[in-house]
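These are the structures, in structure tokens.
Each of the next two complexes has chain A plus one more chain, namely chain B in the first and chain C in the second.
The block that comes next holds the complex of A and B.
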């Protein structure tokens, strides 16, 4: 039943290495099945949570002046009188085909409505993650190289501080220092005109991307710092040092590849955090992504759009968490 | 039930380290963290009743700069920023610790039960935790708040549910080796009541990881609650709240930065307090385990 006890038993048996190797595929397969079940439960959660919302979808769609007869007719047409389980099945079937239903706010298909915000959010998150990885690596290695000096101590202090701050505080401070008050270098809002793309306005992306990057770098670089220090103080590293291998060769050829192993699942977690943090950052900078659309849809009680966005963000978040988990299991 | 009368021999009692909670206090970081939290709680509690002006009344021009008896100037509606900062911490001050402690209690219960019973209980509980972990805490809270409407108790409940699975995972991991230890096996074999084993033998050995978790969950619950308030689904205007203040006054950041900077500093001190407790406690744990 539980993976932990089984691997523990295997580890204590002779010949455990062989059995574990064949067991890894099994564990991965079981994890995958668990992941599918979890995602299904997530979809149940999202669907039924939005059903608690007061107000009939047909009534929302027709506005306040609708006659009861018209509301009843539209309810029938939308299938709102069917049992909830049937409605859930229909919704899930649509989601699996990329059909998220019809928006109650403007009658357009939700998949069409969220296409541009989805691309915008994904672009923002992807740029942030792509920048986070090399920056974390540099910061972590530098801090490890200068361990116990003022450089390292400054790094530890500032990373502790940044780790404690919610995204919206980091963003507000960035706006304060670089957008409006102290220096006026970057635009403090990131409104992207309709019909244009965020990548046409690199300056508008600087502050929102920086907000997401700072949180990620401060988390990831700490882990890299610790594992570089561990790798450099291990026995094989000392041996290599005694053999006369140069310090930089030792670092880049021997220590770094080993030090990166624990950082890979953490990088996946950073990707998950980034997509999770996108709602607040978009709201702060008025960036036209899924987060802002979600908040608008909540205001308009547009249930199908809310369901779609929450489901998409949760699914992406879950997949990156799952990858991190799987890599960890594979390594153990 | 019959085992209730059974005298528990000294050898069966958990090898309790002497007051692990007190040992944590020797860490300077933990002490600073607790001091900061207590300071912020005191400011929020006392501040509410000692505001120089009515925090919801317009008494100056919008975004008036500091001066004319207003130490920190006025906000976007011309209300006293100092009064609003002093009055705006009370909700965070009771909601964040409540959510942190509740998530700690529930998470520890789920983690210990999961580790102790194993098998189907473990599988079902951990799958449930996985479902909750699949939502970013903020999104989860937002989903239900948007449906039910913002109310303080609902927010505390949602943040608790959002933070609990992480605690459950950590505590389950820490409890698994304990369940295999001699003293627990002995108690199990002899028939010591399960409740006694879980609360008196396993739980005391988990004080250190629980302390680390407490600091982290406090930091996150402050962050999540302030963020919810910032995007407008927490405390509703005209009431004052730090997260809300940041959102309300950010358009005037250039003209009157104090209306934003003052609540930001308050939130930052609060979260740093939680982080210091977590980091200090983690160091104490690492040190003692390194010695072992």
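The block that comes next holds the complex of A and C.
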């Protein structure tokens, strides 16, 4: 038994398709404008936050040899004595021309410095997301199918525990159990030699990917579980059951598509969170990605590199949010 | 980590099982080994803390662990201190002074090959020294020689002979050139491609990731017994410990002392060396409250040095006595300081500082730093003195370097190089702002004479002056522990903590 909503009635009227297209384009344009403003604000916040931090790049570079004269001279060389707005304007002007500037820590172009770490991070996050989605689906559906049984209760308990633990703790436990102490199955550290790629060493990806996947799966699968349970207990599902449709057909053909609708935007958000999560995971496993570079750059007060990495993470975060919003608009 | 209860293990296994199975399937498809990627039988994998600031060009602002490993293996200095702390000739064959030590004639070792195929000679030395002075704004180690070397007064006598005319008499001129950050480079060097004479050439380098060094067959000195040195850079010590346990690296310079026993259980061996490296708690002698020597002396009597050895260093240290160890000269005849809270309380009362309240600043990056600070704080509390430990990141610490009234510093160098930087009034590492006329007078005599026995007598007197004026607390002399795997053979003990960086005669199993 289906209730026809006002939206569905309107959708049948002439011109509805055009309005829907206009709606998509309008949302996309609005979101893009928001993205530009957001990224601009992020860059301003990061730039001025780095200014508040004690010590500049010159002082860190010079270490205990940082006499006031040397700091002043090196600051001059690095352009750190210019007014803040001039420094920020110089950076922004460069970015608008596709130039992220030069690292204050080692004088190399930032784009060159972050190229390999960016690829590595993207690969790590992509593998994690690709594994997270089907695993979440399987775990959520199985838990829903076995609702209130020991399987479901084990799943709920495990997922609650995993959700409560930060990635750092999950990763440390995985290293303890599978890398160094209980079982020595996987490399505890992701050393990727120069001239090679992470995908050349799948074994070194196991623990960092698992760390990211566990957090994502345990969040997303709970949502899927609830959606599937709701779908299976809906009136149309009961009707289909009464009409003799098999349980598997009911689940996979009727319930699951409806259950996935609310989970897909959440999946986009999980993907966005994964991008943020790689910072911690990379540090823990010494994976040569943007996270490790970001933490080192903060220590070195290397503002151009910090800016570039944060902007990239923010942009990726935005893209996934954007996808989630568009899916939501499409669903509505 | 070993204290995690077993019940939690089973839950964690359940949580991670599905993801691990899938990713493990991926792993099984690969034929790669789990090592650091070094497949050659004669490669040694060294793990060190890295930094985005690291560079191959040796005239850098400062020296990190990664840079030290690269520089020590790619370049040579004119002189060098050996593993016991004795001065040896290196690229130089001899140093001959004039009567008043203002002109030094340096004879270079002949037939030393540069990595690019040329022969190292006088032109390279002149180029190197001029380059150091050219980079004066960013080359921190220049302070080791800038007070007496005039780069415009270095004369090439012949291909292997130079004459240095100094700004002032300098009797320990040969010793100054042993400073590890003053290596020689070839005259055709560039910032991106410095040409050295060391036992390895730099094959590839990426800051904060990896450096690969290849054995230089034309090296003039004792050669390493393996072909490739892979230096992998890490973000923190915990990752180094994991990599050692997992067999991904063969060697590191140090690990947190709390991990020593677990690493031993995992089959990692430790090479123990007496070390000149140690912590000093520097008290600014030019500002209150430490301007009063009684307050400084009281702080030296408050700290329980035995507890520092046992707790901060897990027993891997000797009790310190507020003077630098390993000078190579007889130690002064002074009593060992021990904790004496009653005497400390009395000294503080006499100085009008019974309710002393001070901040002690540290970035805690070296082993034992944070623990030592906390132990002092606890000891001080017993007599009503408040020592507030302020831990901060290195950038914040450096932002006010030489301004902190009470700060934890690390000291690790041979004494003759240490004095100008750490104990003379203009020293860039003189965190105590110590300016003792007695000490300065003795140092002037020390640097003016080239007579070794006279130098030693002066060093002993200088240490006594330092002990009596109490500019800093040196509570312990740690043992340097170098962790290495069963693959590595022939490492040397070293008083400057270089066991993980020097590979003459070192071999690696398959």
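The definition used in the following text is that the second predicted complex is superposed on the first by the 249 of 332 C-alpha atoms of A that agree within 3 Å, B and C clash if a C-alpha of one lies under 4 Å from a C-alpha of the other, contacts with A are read in each partner's own complex, and residues count from 1 in each chain.
Please note the rule applied: contacts are C-beta pairs under 8 Å (C-beta built on N, C-alpha and C of every residue); 3 or more make two chains touch, one makes a residue touch a chain.
Please read these numbers as outputs of a predicted model, since none were measured by experiment.
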First (chain B), second (chain C), both or neither touched by A:91: neither
First (chain B), second (chain C), both or neither touched by A:166: first
Touched partner set for A:293, first chain B, second chain C, both or neither: second
Partner chain(s) touched by A:209 [first = chain B, second = chain C, both, neither]: second
Touched partner set for A:283, first chain B, second chain C, both or neither: both
Which superposed partner A:318 touches (first chain B, second chain C, both, neither): first
Partner chain(s) touched by A:175 [first = chain B, second = chain C, both, neither]: both
Of chain C and chain B, partner touching more chain A residues: C
Contacts of A:49 with chain B and chain C, given as first, second, both or neither: first
Intersection of the chain A residues that touch chain B with those that touch chain C: 53, 161, 172-173, 175-176, 179-181, 188, 283-284, 295
Complex contacts: residues of chain A adjacent to chain B: 1-2, 4-5, 34, 37-39, 41-42, 45-46, 49-50, 52-53, 160-161, 163-169, 172-173, 175-176, 179-181, 188, 272-273, 275-277, 279-280, 283-284, 294-295, 298, 306, 310, 313-314, 317-318, 321
Of all residues in chain B, those that touch chain A in their complex: 118-120, 122-123, 127, 130-131, 133-139, 142-144, 146-148, 176, 219, 222-224, 226-227, 230-233, 243, 246, 250, 253-254, 257, 260-261, 264, 267-268, 271-272, 274-275, 279
Of chain A, residues touching chain C in the complex: 53-56, 59-67, 70, 73-74, 77, 103, 105-106, 116, 127, 131, 135, 138-139, 154, 157-159, 161-162, 170, 172-182, 184-189, 191-196, 200-206, 209-210, 213-214, 217-218, 283-286, 288, 292-293, 295-297, 299-302, 305
Touching residues (chain side chain C, partner chain A) in the complex: 1-2, 4, 8-9, 11-16, 18-20, 22-24, 26-27, 29-30, 32, 34, 36-38, 50-55, 61-62, 137-138, 140-141, 143, 204, 206-210, 212, 230, 232, 234-236, 239, 242-243, 245-246, 248-249, 266, 392-401, 409, 428-429
